[in-house]
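Here come two complexes built around chain A, the first alongside chain B, the second alongside chain C.
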Partner chain A sequence: MTSVAIEVFLQTLIAGLLLGGLYALIGLGMTLIMGVMKIINLAHGELMMVGMYIAYWMFVLFNIDPYLSVFIATPILFFLGIALQKFLINPVLKVEAILPENQVILTVGIGMVLANLATIFFTSDYRSTPVSYATNAFYLSDYWKASPIELSLSVPWSVSFILAVIITISLWFFLARTDTGKSIRATAQDTDAALLMGVNVKLMRVVTFGIGSGLVGAAGCLFLPIYYLFPSLGGQFTLIAFVITILGGLGSTIGAIIGGLILGVFESMTATYIGMGWAPVGRFVIFVVCLIFLPGGVASLLKRKKLGK
Partner chain B sequence: MKRLSLVMSLLFLVTLLTAPLSAADNLEISIPLPLTGSQAKFGEMEKKSYIIAADEINAAGGIKGKKIVLEFEDSQGKPEISRAIAEKLIDVKKQPVIIGDYSSSCSKAIAAVAEERKTPYLVVTGAADDITQQNYKYVFRLNPSSAYYSSGLMSFMSEVVKPKSIAILYESSDFGTSGAKDMENQAAKTGMKVLVNEKYEKGAVDFKPVLSKLKATRPDVIYMVSYVMDAALLMKQIKELRIDAKLFAGGAAGFAIPEFIDNAKDAADYVVTSTLWSSQSSYPGAKEYAEKYKKMNGDYPSYHGAEAYSALFILKDTLERAKSWSSEDIRTAMKATDMMTAFGPIKFEDKDGYQNQNFMDTLVLQVIKGEHQTIWPKKYASAKYIYPIPTWRERR
Partner chain C sequence: MLEVKNIDVFYGDVQVIWDVAFEVRKGEVVALIGANGAGKSTTLKTISGILRPKKGEVIFEGEPINKVEPYKLIEKGIALCPEARRLFVEMTVEENLDMGSLRGEAKKQRQNTKEMVFELFPRLSERRRQLAGTLSGGEQQMVAVGRGLMSLPKLLMFDEPSLGLAPILVREIFSVIKRIRQEGTTVLIVEQNTKQTLAIADRAYVLETGKITLEGTGQALLNDEHVKKAYLGV
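For the complex of A and B:
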């Protein structure tokens, strides 16, 4: 491999990992909700859109940096998620309907309402936050003068990635170490057993939906400095989250993180070595291959290894 | 049925009889435009521009003493409705000349009716090549056909930049694909090597993989056909990766509107783009029109508005020169048009397989100090072009 080919490969890998980290954060919220409630939340991308609009208006009105808006949008989305779960989804869960998955259909409706409300209030104009550091980057040649290749690392992408990692780690800590976290995991593993052990399953469901929404709201804030914003942006991210959830193995947190990274890297590699028009195709190839050959997702691989030991 | 048609024709008779009485010194012109549907945004812009033009003409005494009264017919962007409107205007309203409509397919439908009924028709924005390639005698077009959209950019490149290779990135839509194909043909003609030719799906988040591949091929020119947000994202990521080319060029649309600079900020500097018209054009009346439009609507118009605005002045010029206001005389007068408008010079010529087509220089804009400036052709330039452009490293 020549130095040029290595440069292209490494730059693609960097781009893929950064993108994958953000994808993982988007996928986490959906995975969490999937694990506890056994439903796919198809309003996921729209909740992210809401988070992005919050961060956008915070920037425009009060000049608050989108990254600081994580601390504003996440709690708002948390309570929005709780409200959605309590007043819309829970009542539907109770109803005996012909369709077994009517809660899923309900989430589609919630997503549509959110997208259309955004169109009414904010028009369908495209917006972005012109933050001052949007195009800043670190360059390898600035630090190592004799470097035979030039690599660049975008500042906003890196910050978004690092924040995504921090949020992911704290989520993991929350799930693994706190009582509430343990209760959520218990509910995800076996609802009946959790109920017998005195876990307030109903409350856990509400809290989980709140956390899932909060996570994707945070992801929205991290996406704003590197992307742009319009009311119907949700659909494409719902799809990405869905693919990650399947890839990670329905409900597995670590699976979602690995799934997000795999998807990010795979998409970038497709764009470089096959063609950018093929990147969305690559996404669905992964999806289908995973469903056929690895129905349990990455999580099932991890489990198998553990048992083998 | 018979009775209905009798009532209808009676109604028409009544309108015909009463109309001339009230409108003796008025000239009524009905213009088909997409006022609802997906193209309504452009229809609205054109409607407002027609109204500005009509007000100006009326304020200056109208056409041969007659005031213009505009009416708009909603074609909804559907060719069959456009066709019906054209038939109504010619057969019922006896309008001697037709102007307007937005899309190529609607313009094509009207052109067929106009030719059949021997009524002159002025195409204002429909850009498909074949509208004026059908040997129609009564169809005129003021905007250049789409094959000529990038002609200004090509002449700028061949005279100033002299590139040997080009990389093309385009959105996988109708618009992006045709723009890219056109550039591919032009590149083959001028001997430029196409090093990368990549399409992307609208809404892509990360262009860096494809851009780093592009960087490795070291093209002289990077040509991109995108809508506004992708255009800004592309330039931002090009800056991040410090991809240096002799020229960054955009194919109109996303690169030619102010939002591009607002979003891409300093990454937009020195980017050139082809366009048909800009609000800073040095054509007489262009700036005044743009300012007036902005005052009324808060935004600068795109070239579609300027085309509509100028169309009415072409009509005024034609009607003033025509011996009588019969379709035949209007056609003869329109054919002899040779005038300057806010949109540019207008002259209907038969050449290169086109009939009654206005050939004009398309403009090249460059972002200089955070603003779009017209840089090419030289005679219309509002600023001197900046070339060679500094590398990314030199810029900071």
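For the complex of A and C:
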């Protein structure tokens, strides 16, 4: 391999990992909700869109950096998620319907309403956030003069990635170490047993929906400096989150992280070696391949290893 | 301590418990025995609030509990080791025990109680960081019992604790139940393993197709002709 080919490969890999870190954050929210509620939240991408608009207007109106808006958008989305769960999804859960899928259909409706409200209020214009560091980058040759190859690392991408990692680690810490986190995991694993242990299962469902929404709202803020914004971008990210959730194994947090990274790298490779326009195709290919050969997702592989089978 | 007053329980439109009434006094081991489908587990589920009686009342320490939110019962002192254990299989042994002590005094005493559980089941101490799903059936039952004890219950209910265990482990579980009772916890146990259950029970009730048909001391029922024929196979 020539040094150019190596450069291209490494550069693609880095871009993929950076994208994957952000994807993981989007996927985590969906998989958490999936684990506890047993439903796919198909308004997930639209919630991210809401987070992005919050960060956008904070920047335009008050000149608040999108990265700082994480602290504004996450709590707003948390409470929006709680409201959606409490007033829209819970009442539908209570009804003994013929189709348990009703809740999923409801989330599609919520997504549509959010996207169209955004169109009414903000028009369908594409917007981008002109942060001063948008095109800045770190270059390997600046740090290592004798480097045989040249690699660059975009500043906003790197910052977004690092923040995504920090948020993911905090979430892991919350789920693993706090009683509330353990209660959420317990509810996901066995609702009745959790109830017997004194877990307020209804509250956990509401809180989980809030956390899932808050996470994707944070992801929206992290995406804003590197992506453009328009009201109907949600669908695409719902799909991405869905693929990651399947790839990771339904309800598995560690699976979602690995799934996000795999999808990021795969899309990045597809874009470099096949063509920019093919990245979404790559997404579907990996989805179908996963359903055929690894229907349990990454989580089933990890489980097999742990159980020594 | 616990009074079940003439309850009727339904699954949808189907009535499975008919006018069942019994009581558990402080410090006793009381057993509910009966065949598959007699309504034993349903009765325990009703006491723990997962099912609601259509008629009748469940009273614990003088307070009606059949309308209390089920997650609040553990704080009142009622714990259930459910049928088939129902552990959180993707959590470690220690995390499972923590789940038993989420509220109130039990949470404050968590470390002490945990030491006590590990003393009762030394094997769990060795495996405290192992995922519960990777344990053997007997060890899982120990976790289930330990998790129940973690809530410092006044009344500990067991639903088929011997289910699927080798005879030697069944004996171990029964001796643990005896020990739990000696330390002052009241026990309500549902079992198909009639002989060993009656041997440790102060009193027992026989459930048949959702109705109580017999009651008496453990010894009396062991010698009862009907029980002998129907449940002991002699």
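Points worth noting:
Throughout what follows, the second predicted complex is superposed on the first by the 308 of 309 C-alpha atoms of A that agree within 3 Å, B and C clash if a C-alpha of one lies under 4 Å from a C-alpha of the other, contacts with A are read in each partner's own complex, and residues count from 1 in each chain.
Methods note: a contact is a pair of C-beta atoms (placed from the backbone, for glycine too) under 8 Å apart; a residue touches a chain by one contact, two chains touch by 3 or more.
Treat the numbers as computed from the prediction; the structure is a model and nothing was measured.
With both structures placed on the common chain, the touch criterion links A:Leu294 to neither chain B nor chain C. Of the two partner chains placed by superposition, A:Leu93 touches none, neither chain B nor chain C. Touch criterion met: A:Arg185 reaches chain C, while chain B stays clear of it. In the superposition on chain A, contact is made by A:Thr12 with chain B only, not with chain C.
Counted by residues of chain A touched, the larger count belongs to B, out of chain B and chain C. When the two structures are aligned on the shared chain, A:Ser128 is found in touch with chain B, with no touch to chain C. Of the two partner chains, neither chain B nor chain C is touched by A:Leu239. Look at A:Ala193: by the touch rule set out above, it reaches chain C but stays clear of chain B. Put simply, chain A uses no single residue to touch chain B in one complex and chain C in the other.
Only residues 169, 172, 198-201, 203-210, 212-213, 215-216, 228-229, 232-233, 236-237, 239-242, 259, 262-263, 265-267 of chain B touch chain A when the two sit together in their complex.
Contacts from chain A toward chain C in the complex involve residues 179, 182-183, 185-186, 189-190, 192-201, 306-308. Touching chain A in their complex are the following residues of chain C: 48-50, 69-75, 79-80, 82, 86-91, 95, 98-100, 102-103, 107, 131, 133-134, 147, 151. On the side of chain A, the complex with chain B involves touching residues 4-5, 7-8, 11-12, 15-16, 18-19, 126, 128, 130, 134-135, 137, 139, 150, 152, 154, 223, 226-228, 230, 233, 236, 267-269, 271-273, 275-277, 279-280.
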